Amino acid sequence: MTDRPIDALDRAKGRKVMIKLKNGEEITGVLKALDLHLNLWIDEAEVKKDGENKLKLGTLLVRGDTIVYASPVQI
Amino acid sequence: MTDRPIDALDRAKGRKVMIKLKNGEEITGVLKALDLHLNLWIDEAEVKKDGENKLKLGTLLVRGDTIVYASPVQI
Amino acid sequence: MTDRPIDALDRAKGRKVMIKLKNGEEITGVLKALDLHLNLWIDEAEVKKDGENKLKLGTLLVRGDTIVYASPVQI
Amino acid sequence: MTDRPIDALDRAKGRKVMIKLKNGEEITGVLKALDLHLNLWIDEAEVKKDGENKLKLGTLLVRGDTIVYASPVQI
Amino acid sequence: MTDRPIDALDRAKGRKVMIKLKNGEEITGVLKALDLHLNLWIDEAEVKKDGENKLKLGTLLVRGDTIVYASPVQI
Amino acid sequence: MTDRPIDALDRAKGRKVMIKLKNGEEITGVLKALDLHLNLWIDEAEVKKDGENKLKLGTLLVRGDTIVYASPVQI
Amino acid sequence: MTDRPIDALDRAKGRKVMIKLKNGEEITGVLKALDLHLNLWIDEAEVKKDGENKLKLGTLLVRGDTIVYASPVQI
């Protein structure tokens, strides 16, 4: 079967991902769930902007239309 | 059944949530209802921007397309 | 029956509401009608921006996609 | 029958209306026709921005998605 | 039959129109064709911004979602 | 048959076109293919911004919703 | 069969592409998969902005609606 773009993220469920938002913020955390709109459920989420200190937020629902790109974090 | 991203917020009904808006404002309050567009009904709502004093607004209907992310507040 | 987010506003028909717009303006007035797009018919409408003097506009049709949030005014 | 928000404007056909646009411009003129997207046909249209001199444009088709709000002008 | 807003422009086919764009540019030219998305085919098109010199472009396809308003030019 | 706006561009396939983007950039190149969303396949593409030096990019897929207008280049 | 615009990119699967984003960032990497929304799965991805140092991100899911244009890199 052909790969779909969303599979790049779907395979990262349960692992740490980095998300770049249109407002410039970056979120890192564990990907719990995603849907076709790219809405994301992130656990152990941390938010930062322009290298500033991180804000720890725990569980987070990120709206898909606010995302620029998302990337599984390399270990 | 597989979790959906919106479940991260759906389970927080009746509890306090923090919402980050695209205009930079942050809203905190008790989540009363939500729908698939991520429109939110918030009670005991407070709005602040850039750490300024809070504006108490009581009941609030937040339009889903103005939300960046939403997070159940940790206790 | 479960509450929907729009019910937070629907129950305020005939009462005074405050509406925050994406362009930064705030509108107050009596909510006459609303639809699922959050288009609003406001009577006795007043518009202000950044605490400036209010502009009295009477009857107003507010386009739903320009709204950040709307709130029944507490008495 | 219940009022719809668009009725606030539909009843103003043939009368003068004021329209606030997302780009900050204000249009006044006689409302000739409207549709559910809030596209408007304005006759005897005048456009101004930030209190500057008006530009007289005659007949105008205003795209609905560029409108913040529209208001029948009080006499 | 009731007039539709787009008729304000449809009747101007073959005549000169002025188009205001969301990026602040103004286009004048002869309206050749239009569709319901307000995509426009303009011939003998000229583009200007903030009163600067005009750029002559000949045939132009203007994307409907970039238009603020369009107006048949009065003679 | 009535002309459609997109025909203004469709007839320019195989010829040089100029495309103005919402981010202010201008692209010139040979139009290879287009669809109803105004997505464009451009060959021998060159990109410039504010009169700066051109960047040669070869084959380019331009997303339709980023286009302000497109014009066949006059010879 | 007639070419579609997306074919310009589809044929570049397995090869290096350059992607220009609406937020000004540029991404380069190997195109693994794409869909009709122009969502892209990029491997060996590098991100840069305004000529600054590159950020290596590995696997990346780029949201289609954040893309201005995409181009197979010439060798």
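Of note:
The chains carry the letters A, B, C, D, E, F and G, assigned in the order they are written, with residues numbered from 1 in each.
Just so it is clear, a contact is a pair of C-beta atoms (placed from the backbone, for glycine too) under 8 Å apart; a residue touches a chain by one contact, two chains touch by 3 or more.
Predicted, not measured: the structure shown is a model, and the values here were computed from it.
When the partners of chain C are compared with those of chain F, no chain appears in both lists. Per-chain CA centroids place chain C at a distance of 19 Å from chain D. Inter-chain spacing, taken between the CA centroids of chain B and chain D, is 34 Å. In this assembly, the C-alpha centroid of chain B lies 42 Å from the C-alpha centroid of chain F. Across the assembly, chain G contributes residues 65 that each touch 2 or more other chains. Around the closed ring of chain contacts, the path that opens at chain C and continues to chain D reads C, D, E, F, G, A, B. Considering their complex, residues 21, 23, 25, 27, 32-35, 39-42, 45, 47, 57-63, 65-66 of chain D touch chain E. Residues 2-9, 18, 22, 24, 38, 64-65, 67-72, 74 of chain D touch chain C in their complex.
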